[in-house]
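Letters A, B, C, D and E mark the chains in the order given here, with residues in each chain numbered from 1 onward.
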Amino acid sequence: MIEIKDVRKSFGPLEVLKGIDLTVQKGEVVSVIGGSGSGKSTLLTCINGLEQISHGSILVDGIEVHAKSTDLNKLRRNIGIVFQQFNSFPHLTVLENVTLAPRKVLGMSREQAEEIAVKHLTHVGLAEKLLVYPGRLSGGQQQRMAIARALAMSPAYMLFDEVTSALDPQLVGEVLDTLKLLADEGMTMICVTHEMGFARDVSDRVAFFHQGVMAEIAPSKQFFDAPQHAETQKFLSSVR
Amino acid sequence: MIEIKDVRKSFGPLEVLKGIDLTVQKGEVVSVIGGSGSGKSTLLTCINGLEQISHGSILVDGIEVHAKSTDLNKLRRNIGIVFQQFNSFPHLTVLENVTLAPRKVLGMSREQAEEIAVKHLTHVGLAEKLLVYPGRLSGGQQQRMAIARALAMSPAYMLFDEVTSALDPQLVGEVLDTLKLLADEGMTMICVTHEMGFARDVSDRVAFFHQGVMAEIAPSKQFFDAPQHAETQKFLSSVR
Amino acid sequence: MFDTGLNLNDLMFLAKGAGMTLAVTAFAVTGGTLMGLFFGVLRAHISTWAALPIIFVLDIFRSVPLLIQLVLANAFQAIAGLNMPPFATSCVVLALYTSAYCTEIVRGAIDAVPMVTRRAARSLGLSWGQDMTQIVFPMALRVALPSWIGLTLGVLKDSSLVLWLGIIELLRASQILVTRLQEPMFILMVTGVIYFALSFPIARLGSQLEKRWREND
Amino acid sequence: MFNYTFQWRQALQKLPQLFDGALVTLQIALLSMVMGILLAVILAVARNSKSKLIYAPATVWVEVARNTPALFQIYMAHFGLGSFGIHLSPFVALLAGITFNNAGYLAETFRGALRAIPDTQTRSARSLGMRPLQAFRLIVMPQMFRIAFLPTTNQMVWAILMTSLGVTVGMNTDLAGVTQDINVRSFRTFEIFTLAAVFYYFIAKAVTIGARLIAWRMFRY
Amino acid sequence: DKLDDIMASGTLRCAVVLDFPPMGSRDADNNPIGFDVDYCNDLAAALGVEAEIVETPFPDRIPALVSGRVDVGVASTSDTLERARTAGFTIPYFAFTNVVLTREDAGVEDFDGLKGKTVGSVGGTFEGIALEDNVKEWGEGSFRPYQSQADVFLALSQGQIDATVVTSTVAGSIVASGKYPGLTIKGDAPYAIDYVGLIALRNEYGLLNYLDLFINQQTRTGRYQELYGKWVGGDAPDLTVPNVYR
């Protein structure tokens, strides 16, 4: 369970998150939508401790992320994250990309790590690209590899930050399919996305961010069919 | 009058133009369409002598372009050309871009050149950007500046090589309008273009290039309504 | 072919000089690179303001002629009673000089590693050290290598200045031979060829590596 | 630890001499840059030539300049050419050596810059009726200089530092020459070379800052 | 003190200039030879230690000394008062007279003929400083300081300079060697006799005392004349100055 309690976050004078409250249950899929600069990415990076928070607290499985005593490296193994920009390690093959963290962080043997990696890469449809360097992959393949890489750490949670935004339109589908698959398997996920269709079909709840505030959150059908907040309505009409 | 007679052109072993015949009358607007690599750009650069030809001849106002005795610099003043990309001289202001050639090539005084430049820049709608550097202009404005720059030499002919291809869709219109204006004023023009609407509405005749051969040429209405050649039909259906 | 007094013995003498040039270069580049790595990593992780003292000091090494640096350092170690042989002084000065350039190369290369890639690494649970060694350095290396090779070649050539401290490196060896044999042009040409022969393989190695890596992208 | 007493007063008395030396240093550096740039433009163009007869000598020049020590080049200009009866005074030998070096390095910089300028720039210029040289001078060169400006500034700093090598060929009027002259008379090596280092540092900084200002004034696009 | 250190360490390190024949140079195997080399060996023998010759260019003599890289400078160092502010000098161990060395085709017949010519010498040496001052005084011609004696001869033989003023010993040895055809001696330079001393750290009185006595002994025992005969030839110059002590 991820519990976000009155989280505020400022970059210098700019307050980017203005008191966010959100609890994500085990097995739940929450989509986050909102305009550019509304603080969506910032929230995700706060959840796995990549960013400090200015106020409030975030608990993952009851452990306070930003407590001094927390072993962040250990915590992060449990939270996979995939970013919008391609983030493959270009100097490693696809297989090495995926086995690196299991070997170095979890201390797995090479064989063990490769077994797991092959499993996940097959899962995302990259079984044939094991020994290729990421530079040779399409954007969609790179994002799927990043997903497999995160999954190889067997995280309990996955955070996705607009993983399809940088892709050519024809590549978006293959990545969304992978996400859908994960959701169907019961993974707990927070997905920042611009794909309304995906948000509607796959997520249990949808949250709308506006200028650092979570203006609205509701079960997905209700969210799209009867948005309450004026800004939500405006946003939804602009992206349709 | 531009007379192109059995022009062949090879780059090493590759024959790019395989015997082109085309006569463009004074005041006529001819559009050239065709697939990538079919030799359209090459033909334009042969017409003003930027490229040598391997066989045949090109006459502009009765002067043979590729004859040894021809003063190409003088000939070129009479033929304006605008390319798809990187036309503006980034180190000169818009005004300087346009006045440079009249001053250095035609030997005009600065005042005289500026007067003409302002006239043409106003014509293409850039009267307000005289002292701006091209880097500050949108792509469409840059192309219009390039057109004004060519016009400032008072050429009898204008060649356009896909001048809108590198532009964002919303900027295409403003450049095409400028071309249309020119055509209406009776300028003799050869326009390589991918804009079928433009080719249809503005040009007197349309030519279709296919693998170095001018597969078809016809008055524009006839060309689009009843294309004769199988390749033309294929091409037209692919771009619609 | 040539009517020259240059014999095998003298060629050996030149070779020994070249060996000295290589030795000085090797020490300087090794030391300079290590220091450059340290300062470069530091520079990439602290703010420009905090780095100002480092920036200033390293800038001095790039703004004062190496000759002056060498003479000064030699005089200083003399005054301070450090009792360093000229070879050690030369290596230290050249290493500092190298590090000044290397720091910029390292910092530039680290900055060239996209933030998101590093975040991805940290998100997988990799520690800062693991991130640096597994992700940042390998990626930065590709960016840095061409400049680093250039720097190495530069140091190889600049090392000729250590002759000022009485070290018999390649150029000094050739001057000694010129004194004895009185054939300046011929001996200097031979010296030039040797310099060329020393730097060319390094340059080639660099472009080879670059090419190999590029195949992966 | 210090078995030595610093004698700064003695060194500071020499400041006027050092200042005169600094002017000579600056003069050589500037001259060598101006000539180096001119030669480099020619070399860069020649390196793109298809004719072996033009390409080869330019390449040899560039490679030798870049792969041998500057000290070697200056020594060669004085004593190497001297053995052919070509006598360059220390000033001219130093200037020639540094110019040779500058030209070699800048040629590569310019060649890179030339490659970064799209071919359409020349084509556009030629289409407007400009002659090849006009197109190069009016369109290509200004853009080339902008791209190459920063590396050229660095080369200028290099040129200043290289002037210090003149002492090896009997140069005694530039900053390093004056410094060495004072040094051998008094043996106050540390003090006098420290002053020289300060001078060099400020000259280098002045050039860098000056270049920034020029760039800021000139390249407003 | 230093003297004890030398005896304790078992080696005496001498700074010697090796492109200054016949005082110091290299043989065909590039090994050091010359008057100064032998002088250093004698000194080491007197101290009962091994000699180590450290090649030191002219400009590096003092730094080498102060840094402790060498113990003694046996390097033809002129005992000027300006230098004595920094280094400690012994009594003279050698004395140079200076001559005009020129090329036969340079048109220089004597010292006065140097006026208006391009001349050169090793920068910072006794004769170099004197010649530079002369050129300044004359107001015509020019002076070029080179960093080594070898460069001066090279420049002279190539025609880069027309003449040099150089110590008679070196000039004699150079002309005799035949390596530089066309060089010729044209009379003396009207300079005071250039007395050179050994140098050591300014405050090492024990060592300086020992060195003074050693020089005295070399002369007394005839070794000085012997070495002079071996490297230069003829009668060794008088090392005393009339009408004054020391």
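Keep this in mind: a contact is a pair of C-beta atoms (placed from the backbone, for glycine too) under 8 Å apart; a residue touches a chain by one contact, two chains touch by 3 or more.
Since the structure is predicted, the reported quantities are computational estimates derived from the model, not experimental observations.
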Note: chains that touch subunit C and subunit E both are D
In contact with subunit B as well as subunit E, sorted by label, we have D
More Cb-Cb contact pairs, comparing B-D against C-D, go to C-D
Select the chain at the greatest separation from subunit C, using centres from the mean of Cα atoms. B
Whole-Å distance, subunit A centre to subunit B centre, using C-alpha means? 50
Could you put a whole-Å number on the gap between the CA centroids of subunit A and subunit E? 81
In angstrom, rounded to a whole number, how far apart do the mean CA points of subunit C and subunit D lie? 21
Using Cα averages as centroids, what's the distance between subunit A and subunit C in whole Å? 45
Residue ranges of subunit C touching at least 2 other chains are 71, 74-75, 78-79, 81, 175, 178, 184
Among the residues of subunit D, which ones contact at least 2 other chains? 3-4, 79, 82-83, 167, 189
Contact pairs between chains, per stated definition: A-C, B-D, C-D, C-E, D-E
Which of the residues in subunit E end up touching subunit C in this complex? 19, 26, 28-30, 54-57, 60, 63-69, 148, 150, 153-154, 157-158, 179-180
Residue ranges of subunit E touching subunit D (in the complex, touch as defined): 58-59, 62-63, 66, 80, 82-83, 85-87, 118, 120, 123-125, 128-129, 142-147, 151, 154-155, 158-160, 201, 203
Partner subunit C, residues of subunit D touching it in the complex: 1-4, 63-64, 66-72, 75-76, 79-80, 82-84, 157, 160-165, 167, 176, 179, 189-190, 193-194, 196-197, 200-201, 204-205
For subunit D, which residues are in contact with subunit E within the complex? 3-4, 7, 78-79, 82-83, 85, 87, 89-90, 167-172, 177, 180-181, 183-189
Residue set of subunit D touching subunit B in the complex reads 118, 120-121, 123-131, 134, 138-139, 142-143, 146, 219-221
